[in-house]
Each structure stands twice: as C-alpha cells, then as structure tokens.
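There are two complexes below, and they share chain A, which is joined by chain B in the first and by chain C in the second.
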Partner chain A sequence: MRRREYLGLVSPSLVVMLGLLVFPLYKTVEWSLQRVNYGEPGTFLGLGNYAEALSDPRLGAAVLFTVGLTAAVVAVLLVGGYVLAVLVDSLGRAKPWVLGILLVSYVIPNVVGATMFSWMFDSNFGGIVNHIVSLFTGTEVLWFTDPWPNRLMVALDTVWFMLPFAMLVILAGLQGVPSEIVEAARIDGATGWRVHWHVIVPSIRGVLGFVAIISIMDVLRTYDQLVALSPQAPQIGNESIMLYIFNVAFQDGGQQLGLGSAVNVLLILLIVVLLSPFIRGIAKEARQS
Partner chain B sequence: MSTLDTPAPARAAVPETAADPRPRRSRRRGRTLLVGGILLLVCWAMLSPVLWTAMAVTKPTDVAFLDPPVFTYTPTLQAFVDLWQTTQFYKYLLNTVLVAVVSTVVALVLGIPAAYALSRTPGWVSAALLIAALVFRALPRFAVVLPMYDISRALGIYDTTFAVGAALVAINQPFSIWLLRNFFAEIPKELDEAAMLDGCSRWQTLRRVMVPMMGPGILTAGIFMFLFAFQEYLTANILTDVVARTVPVFIATQLGQTLPMLQQAGAAAILLTLPVVAFAFIAQRYLVAGLGAGSVKG
Partner chain C sequence: MPGSHGRRRWGAIAVVAVAAVLLSACGAGSRTPAATAAQVPCEFPAPPSEVNVNVLAYNSSAVDPFTNTMVKSCSRNGVTLNHEPIDYAGQQQKTIATLAGKYGTYDIVETYGFGIPQNAAVGKLVPLDDMLARYGQQFRLDELNPDMRRAMSYDGKLYGLPMQAQMYVMAYRKDVFDRLGLRPPRTFAELRSAAETIRRDGGIQYPLALPLLASSDIATAYDAALGSLGTDYVDRDTMRANFDTPAAAQAFEQLRSLMPVMDPQVTTFAQPAVQQQMYNGSAAIAIMFSGRMNDLTKPANSRFAGQFAFAPPPSVAGGPTLYNTLSVDGWSIPANTEVDPDLLFQMISASVGPEASKASVPGAFPARAGMVTPRSSPFAAAQLESIGKAPPAEPYPWSSRISTATTSVVADVVSGRTPIPEGTRKMQEIATEILAEYR
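This part shows the complex of A and B:
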C-alpha cells in the first residue's frame, strides 16, 4: 500500500483520537503537575501532587481494596468461567438458550445491574438474600454499612456481570482444542479432571491469560457498580481507585484536580506495565514481518 | 425455557462396549441430568437480580420494599405510569438511543478504513498504532473524561448529546479498530490484489469488495459499539447535567431518594433491560463471534 493511501485511510480515525484522546490525556499529565481548577490556568507545582498521592492513607486504602477485589474476582472468574464453559460446551439444542440467558448480565449497564443487585440484599429494600440469611442465622447483615459484607456484595456483583465474558472467551478457546489430544489422553487412561488439568487447560493457556489480563484491567478500573452498591464507600474503606479519583477531582467542584490527575497518571503507568506482555507480542510480530 | 429441562442428547455417540452397555448409558444419562441441573441453577442465579427487580416494580408502592419481602400481591403497573408521567424518562431514553446510534455509525465510518489499512500494512507504523490503540483501550476513563469536561465547558458544548456522542466515538475507537482489524486479517490479501488488477483504486477496493465481504464482522463491531455506548455511565455522568442525561445516569440519580422514586428507577431499569435482553438473544451469534475474534487472535 502506498504511503498516501495509507495516510488517507488512517488519518480520519487518527485525527479524532489525537483530538479527543491524546489531547485530553496530555491535559491530565499537565494537571498532575499543577495546582489547578476547572476553567482556570493552574500554577506549576512539580511533583507535589505525586508526593501527596503516595502519602495519602486514603489512597493507600483504595489501592488495597481495589487490588484485593481484583485478585478475588479474577480468581473466581477464571475457575467459574472455565467450569461454566465446559458445561455449556457439552450442551446440544439448549445451548443458544443458555447462552442467551447467561449474556443478560453482560448487556445490562453496570450501574443498572448493580442497582438491581443491591435490592436483593439490603433490608432497606426488603432484600430476599438478607431475608434468607436472617432466617437461617438470626442475625441482620448490614450490606451497605459493614465493610466486609459490602465487599462481598461488590465482589459478587462484579463476578455476576463479568462471568459471561470470561465464559464466552474460554468457550471460544475450548472449540480450538483439537479433539485428538483429548482422545489420546483418554486412551492413555487419563480421566475426569486429569484430562482438564493436564491436557485442556495447558492447551488454552493463551486464552486464559487473555481473560485474566482483560479482567484485571477491568476490575482495576471499578467505578460504576460502587455508585449503586456502596454509597458510603469512603467511610467504610471500600473506595476504589477510580472512585477516589472521582471524589477528589470532581465531586464538590473538584478542589483537588491536580491530585486526581496524578493518580490517573500512576494508574496508567500500572496498566501499561500489566499490558507489557501484549505490547511485546505486537512488537515481535511487526519485527518478523 | 422447557428446552433447558431436557438435556440434549450427546453430540457424537461414543461407541458403546458391546459387553456391558447398560451401566455406561445410565451413567451418561445421569451426567447429562447433573449438567442440566447445574446449568439451570446457574441460569436462575444469573437472572435473579432482574427477576427480583421485576417483582419489586410490579408491587404496589407501599409494599414494594417492605422487609421481610412480600411474595403475594396484586401486580400493578403503576410505577411505569408514574415513571412516564412524573419524570422525563422518554427524553432520557431518546438521548441514550440517539447517542448510541450516532456514535456507533461514526465510529464505524472512521474505524473501517483505519482497520483495513492496519490489517494490510505490517510494519512499525502499524504496530505503533496498534499498541497505542491497546493502551488507550485500557485507559482509566477519568484520565480523558475529566479534561473533556473542562474542554466541553470551554467550548460551550457541556450537557449536549453531541459532546457525549463525540466522547464515546473517541473512547470506543481503539476497540473498534482492534476488532475490525482482526476480521479484515481473515480476508486473503489476494482478493485486494485481484480487485486492483481489475482497475479498482484502494478506496474502491475497500468499498466494493472488502466492506460487502466484511458484513458480519462490521455488524459484530457495530453491535459492540452500540452496546458500549448504551451502557456507558461514567462518561455520560461527567459530561451531562439535565438536558442530555442518559438512562443509566437517570437511574443512578434516583437512588437514595424517596421510595416511589426508587421504584420508578426500578421500572426504568426493567424498561431498559427488556430490549437489551431481546438483543442478547437476537445478536448472540455476533456477540459470541466478537468475543472470540477479540481474544483468540488479538
């Protein structure tokens, strides 16, 4: 392809991304070095915002909460997604129906799904889960104000709307496993979970890695569901990193826009590090061709 | 639903050993029943928030959120009527659909040529662009949306559907390019060469040969763009106030208010859910294909 054609095809998209992604991103980096407010020019501060961010115990708590949530949710997604994919894969005529039902939580907007989810739990909304729990244990669980029950509810909701994605990607991976190697393992006497653990799982390693990395990045950016599920998140230590950014940089006029921007930049750096295996893969492909 | 209760027969019949076929067959049958049972439970659990909300919004308001919950009641659609009459739900719904449709179309018009060029030209420039697209796809939203808020105020387009639509076009552009590039990569290059030998220019090749062949791929990308725009809460929340508000933002603002308002939020949630559930069934093939293409080759 000639250079002029290439530019002609790529540039409309590129112009939009430069104007609406790269330029705002540049603003964020600039703000992170300033004391600044919306609509006003800021004053240069150097790395002051970064120092403040790194020494803020509230951000520390937010990081801990976010990382813990990510670890728990991603582990459940990988195991649950795999088991579910294997079960769905064995279906015949019922498969489209089951897939359709499982996709429901994936297509509902997160904030709306989280709202529905919260109504199942808290006694303020006559939650069915709460009702059952108190029937059996005789204690009233405070799903919104008690840190750990709240964490459990947030984690369950996150698994609820992310499981379909994990299941579908793994299902696509399972379809690529050559049936000969499974047959061969069976003939060699491997049964049940051994076939899965020693044969199928290793052969879809790449797919599982993909699910893990995408899920990690998505859960690290948790925000929407907390709006509905954890109205008192800062008080009970269930603030995510993104919610922290929102609270310091936007809520109440955004007095600490510089601080919020610095956290944004730090989060971007973390994500780039997490993505580095994929980036290296693309670079390698380019070098080979 | 009844198809769920009757587990389908195994796809490929494994040759039974002639000596002792009976226990094996019954074991297989037990297994399929077990699988069916587990999946039935999972489906029920996954649907339960929606079903529970559907119950809450069809109860009379005074018992809707009672604790312990009531299970017998006379169903009423009053919450939906109130939603329609006392809030501007139809306007928010219109905003949401408008933003989703327009941003999907624009994202595709911009993304298709770019993805085509990237899939046909290996090399450093394309690799750099793909890496940039990957990083931008994973960006924390606030890193671009907070500056967008500042810019939209400065330009006087804050709280317009235009601003939200433009933001979503840009935010979804990286994903759309990746997905489309993967679909384009499956079309053999010889086809372009043949078309160009016959006298087509690049643009004509793209328009007359590639796009028609890419039909399902473009549809898949479009479905994802639409879904993402439709679901978006964070961007719409930052860039809108009252005029351009979308349904997810509306539902979030109703929380923590009075019980009737809460029930209206539930009604809005159900009204929003029904079409997307229908969508999940109709567009299932494309959703599955898109997730497959985005992963296995991406």
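This part shows the complex of A and C:
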C-alpha cells in the first residue's frame, strides 16, 4: 500500500479519534486544574480540585462501592456467561431463538431496564420479589434504603443486562476450540468439569480476558441503573464514581465542572490500574501467537 | 408473474412512504400528548425567514396545557415551535446549560419563582417589562395575579410571565376518615394522631405519604416546615442563615416525628410514588403539590378516585402559616436566544391567555385571577385556602443555591443518619459560605 493511500484511509479515523477522544481528554485534564462554570473561562487552581476530591469521604465510599460491585459482577459474568454459553452451544435448532430471547435485556436501554427491574422489588408497583421474600421470610426487606439489599439489587440488575454480552462473546470463543482437543482429552479419561477447566477454559483465555476487560470498564462506569434503583445512593453509601461525578459536577450546588473533571481523571487512572493485568496478559498472548 | 410482483412491491413502498410521512408529521411540534392543548389566538407578523423556536418545559398535568397550547397555536406564519418531553430534574440541568454560553439551545424556558433571582441577577434572562407594556392590552396581561408577577420578578423587573402556581394540598381518603370519625388535620400533631388512628384500625400500615426524595423533594419539605414555623432560610434584614435558630431544629424534629407513620423507604419517594401509594390504597393521607391532585380524581388511575377529598395542608405547630410552599411557574426568555424576543413574548403571552388558562383548570392553578373557584374542581377550595397561608417567597439569588447545597444534609438528618445539631451546624456553614459570595 502506498503511503498516500495509507494516509487517506487512516486519516478519517484519526480525525474522529482526535475529536472524540483526545480533545475531550485534554479538556478534562485542563478543567481538572481549574475552577470552571458553564460558559465562562476557567481560573487556574493547580491541584486544588484533586485535594478537595481526595479529602471527601464520599469519594472514598464511592470508590469502595464501585470496585466492590465491579469485582462481584465481573466474577458472576465470567462464570455465568461461560455456563450459559456452554448451555446455548449445546442447543440444536432452538439456538437462534434462545439467543434472541437472551439478548433482550442487553438491548433495552439501561435506565428503562433498571426502572422495570426496580418495580419487581417495589411494593408500590406490585413488587413480585418483595412479595415472595416476605412470604418465605415473614420480613419486609427495604431494597431501596438498606445498603446491602440495595447493593444486591443493583448487582443483580447489572448482571441481568450484561450477562448476554458475556455469553455471546464466550459463545463465539467456544466455536474456535478445536473439537480434536476436546475429543483427545475425553479419550485420555477427562470427564465433566475437568474438560472445561483443563481444556476449554485455557483455550479461550484470551476471550475471557476480553470479556473481563470490557465488563470491568462498563461496571466501573455504572450510572444509569443507580438512578432508578438507588434514589438514596449517597446516603446509604451506594454512590458509584460516575454518579458521584454527576452529583458534584451538576447537582450538589450546581456547576463544579473542575471538581468533576478531577474525579474523572482519577477514575481513568483507576480503570488503567484495574485493567493493567488483563491488558498485559492479552499483549503477552498476542506476542506468543 | 413479474408484473404483478413488481406492482405489489411498488404498492408496499408507497404504503411505507405514506406511513413515514404521516409519522413524521405526528412528530412535529410538541412530542407530548396534545389532548390538553387549547387553540388560542396567537397573532404575530410573519418573520422575514423561517424561524424554529425550541421550548424547554417539563411535563406535568399542570404545565402541559400551557406548553401544548403554545406549540399548537403559535406554530404558524413560518414559525415552528419544538418541544421535547422532559422531566423536572432534566429541565433544571438543561436550563443551567442553555443559559450558560453565548448561544443557547432553547428560546423559551419554563422557570419558577425560586430560580428566577439566581439567573436574573447575572443577566441570563431578558427583562419583560417593556414588552409587557407593549402587548399587555392585546393579551389582557393586566389580569395576571400581581403576587405571581412579583414572584417572577427580581429587583423590581419582571423576568418571567407567570402561567400557574402550585401549592401544597392535602388529599385524604374520605371513606376512611368518615368511618373512623376523623377530621382533616390542621396541625402536625393532629396529622400524627389521625395517621396512628388509621394504622390501629388495620389495613393501612403506613397511612401518611409525603414526597421526601432524598435528592430533591426533601429540601422543599424542610423549607415548607421551616416556613410554617415563621422562619426563612436566610434572615432578610441581616442576610444571615437561620439554621442555627431553634426553629431550624424544630422543623427537623417535626418532620422526623412523622416517619413512624410513613413507609420506611419514604426518602426514595418523589411525587409520582406518593400518587401511586394513594392509587393503591397503601396510604390514606398525602401532601404534595396541587398539580398532582387532578390525577387522583381520575377513575382510570385508581379505584379510590371517588373517595379522595382535599384540604389545605396542616401547619407544623398550629401557627397561621401552613406546611406549604408556593411555587409560581412561568415563561422566561433567555438572554442568549437568537430569536426576536418580541416574537417570543407574543407566543408566551398567548399561552397564558384567558382561553388557555381556563382550559388548564383543574390540572393547574392559572395565574389569571378568578379562574379557580370552589366550583371549578374538587380541590379548588383547598388550593385557595392554601395559597393564602403559604410562607412568603424568598426571592434572592442565594436561596436556590443554599437549598441545593444543603439537600443531602437535610436527607441525612431526616433519615436519622445525622443528629439534628450536627446537621443544622453543617447547613449553617454551607449557607454562610454561599452568602459570603454575595456580601
């Protein structure tokens, strides 16, 4: 390919990336060092926003909640996604139908899905889960105001809408596992879960790493579902980092765009730290292959 | 039969094309149901070129009649009005954003008395007095309630044309009250007592429903309680915050005293959730803005629709001022609009005209005098008494800032996570810091 052709093909992507990724990132870093109100030029503050953010116990609580939610949900997504993918893979002609039905929760907008999900726990709107739990335990669970039941509800909703993605990617990965390897393992006496654990899972390690990376990034940016599922999130310690950013930047007191940007930069760093083992693993695998 | 197949294909394409055109036509103008829209005279000379006017107004049964009337009646003469559905919180955020820059997205914004001073003080809204003088007679604007006009003014200038007011009204189940020999409570003590009597009777475990959503409504509730005790957020003369006064603590004590007779998750309830409790029959008494009351009277919403009766809200401690907040809604013109403000003023004037105002009852309490009478709706008498005994407005640029900045503290105190003295101390600090910027 000639250099001119190469540049012609690459430049549109570069322009889009500069406009939609690099420029916003630059503005975020710039604003994180300023006091900024809408429509006004910022005034330089140095690291004042970072100092304010890091001294706010609410940010600490938000980081703890978000990282905890991410760890729990990603673990469930990897295990549940794998199990579901294996089950779907074993289906015959019904596979496309089952796949279509399973993908419904993934295509519903988060906030709509979360609102519908919240009704299952809200006695004002029928609350079928509430009803069943009360029937068996004789107690009323406060899903929206007690921290742990609320965390469980948020985690269940997140798993509900992200599981189809994990399942779909892992299912694609399963198609690439050579049947000869599986057959050879069976001839060697491996049965049941040993085939999965010792043969199939190592074969799709890269795919699982990819699912983990995407899921970690998605769950770390949890926001929409909390609007419907945790109206009292800051009070009960269930505020995610993104919700915290929204609250300080736009809601609590109005327009602290500088402070919000500083927390955004910290979030980017957190995402990089949490993803680095997975990225290293994938890079290593790519080099080896 | 290729010919027949081809004809069928062209037929299908034609049907799809016609459907697409019809659907796109339905999508023009307001995207909220226009059943409440009145067709009113909206006369203005055609502008030299086509004009698009973007309207920002949240959806509720009280505001929709005015918005829909304006969109329906004024989309003519080369002018197209656009209105997208949005909730109250969304409107708040979009208002801040659209007013901020040199160019805004919206040309007409729905505003309310509490928020006017903050934007008017920094020149983000167009003063309307000159245009009021020019078009007042044509649109009979002199009939707009003078108190509501004052509520939409700042520093002696009018920044919003009032359309309607909302005040707290108490809805209660008349069948339950009659059976238990109860009368509508006039104080918080009577309210607690009535709720406890209903609970003891069985069937309704949490008889009282208030909108106390921790991220927003709870601040309005606290302001209403404080106002009923005769105290403002900030002393008008000394410009000093009042959160360190005994009334500030008493307002919290009184709100907290209601918690045992409310759903334990009440701090997650906005007004629609309170309505839902009443629809379901899981609550027997509710206090919320009057704009929400009309929904209760519709049999399609609740099997108890015929059982709801209405009264003014109680006062917190028996004083003359009720547990109440008077919120006046109106139309404002952003200073950064590129559309001729004169043209926009004629549109907003048409939307608050006599026909539109009359059509808005009972969903709204229009700003035009004499529109709401005890015969016009089941809750008109309650509205009229409530509006006369509301705490005075606090028309200062710092009021809404203090309210927003202290909301999470109020939520922590009401829900019992923060002791009252610690909460009031924090609020005093927050308010003092904000007030310092205005000294």
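Keep this in mind: the second predicted complex is superposed on the first by the 260 of 289 C-alpha atoms of A that agree within 3 Å, B and C clash if a C-alpha of one lies under 4 Å from a C-alpha of the other, contacts with A are read in each partner's own complex, and residues count from 1 in each chain.
Here is the rule we go by: a residue touches a chain if its C-beta (ideal position, glycine included) is under 8 Å from a C-beta of that chain, and two chains touch if they have at least 3 such contacts.
This structure is a prediction, so every number in the text was calculated from the model and none was measured.
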item	value
First (chain B), second (chain C), both or neither touched by A:A71	neither
Touching partner for A:I128 - first (chain B), second (chain C), both, neither	first
Which superposed partner A:Q255 touches (first chain B, second chain C, both, neither)	second
Partner chain(s) touched by A:L142 [first = chain B, second = chain C, both, neither]	second
Contacts of A:I282 with chain B and chain C, given as first, second, both or neither	first
Partner chain(s) touched by A:L47 [first = chain B, second = chain C, both, neither]	neither
Partner, of chain C and chain B, that touches more residues belonging to chain A	B
Which superposed partner A:V10 touches (first chain B, second chain C, both, neither)	first
Partner chain in contact with A:Q232 - chain B first, chain C second, else both or neither	second
Which of chain B and chain C A:I101 touches, first, second, both or neither	first
Touching both chain C and chain B, counted on chain A across the two superposed complexes	38-39, 123-125, 231, 250, 254
Chain A - residues contacting chain B, complex	1, 5-6, 8-10, 12-14, 16-17, 19-21, 23-25, 27-28, 31, 38-39, 84, 87-88, 90-113, 115-117, 119-120, 123-128, 130-131, 160, 163-165, 168-169, 171-173, 176, 206-207, 210-211, 217, 221, 223-224, 227-228, 231, 241-242, 245-246, 249-250, 254, 257, 260-261, 264-265, 267-268, 271-272, 275, 278-279, 282-283, 285-286, 289
Contacting residues of chain C [partner chain A, same complex]	93, 96-97, 99-102, 213-215, 264-265, 267-268, 270, 273, 276-277, 280, 282, 401, 404-405, 407-408, 411-412, 415, 417
Touching residues on chain B, where the partner in the complex is chain A	1, 3-4, 6-11, 32, 35-36, 38-39, 42-43, 46-50, 52-53, 56, 64-70, 109-111, 113-114, 116-118, 120-127, 129-132, 134-136, 138-151, 153-154, 166-167, 169-171, 173-174, 177, 202-203, 206, 227, 230-234, 238, 247-248, 251-252, 255-256, 262, 265-266, 269, 272-273, 276-277, 279-281, 284, 287-288, 291-292, 294-296, 298
Complex contact set, residues of chain A against chain C	37-40, 123-125, 140, 142-145, 231-232, 234-235, 250-255
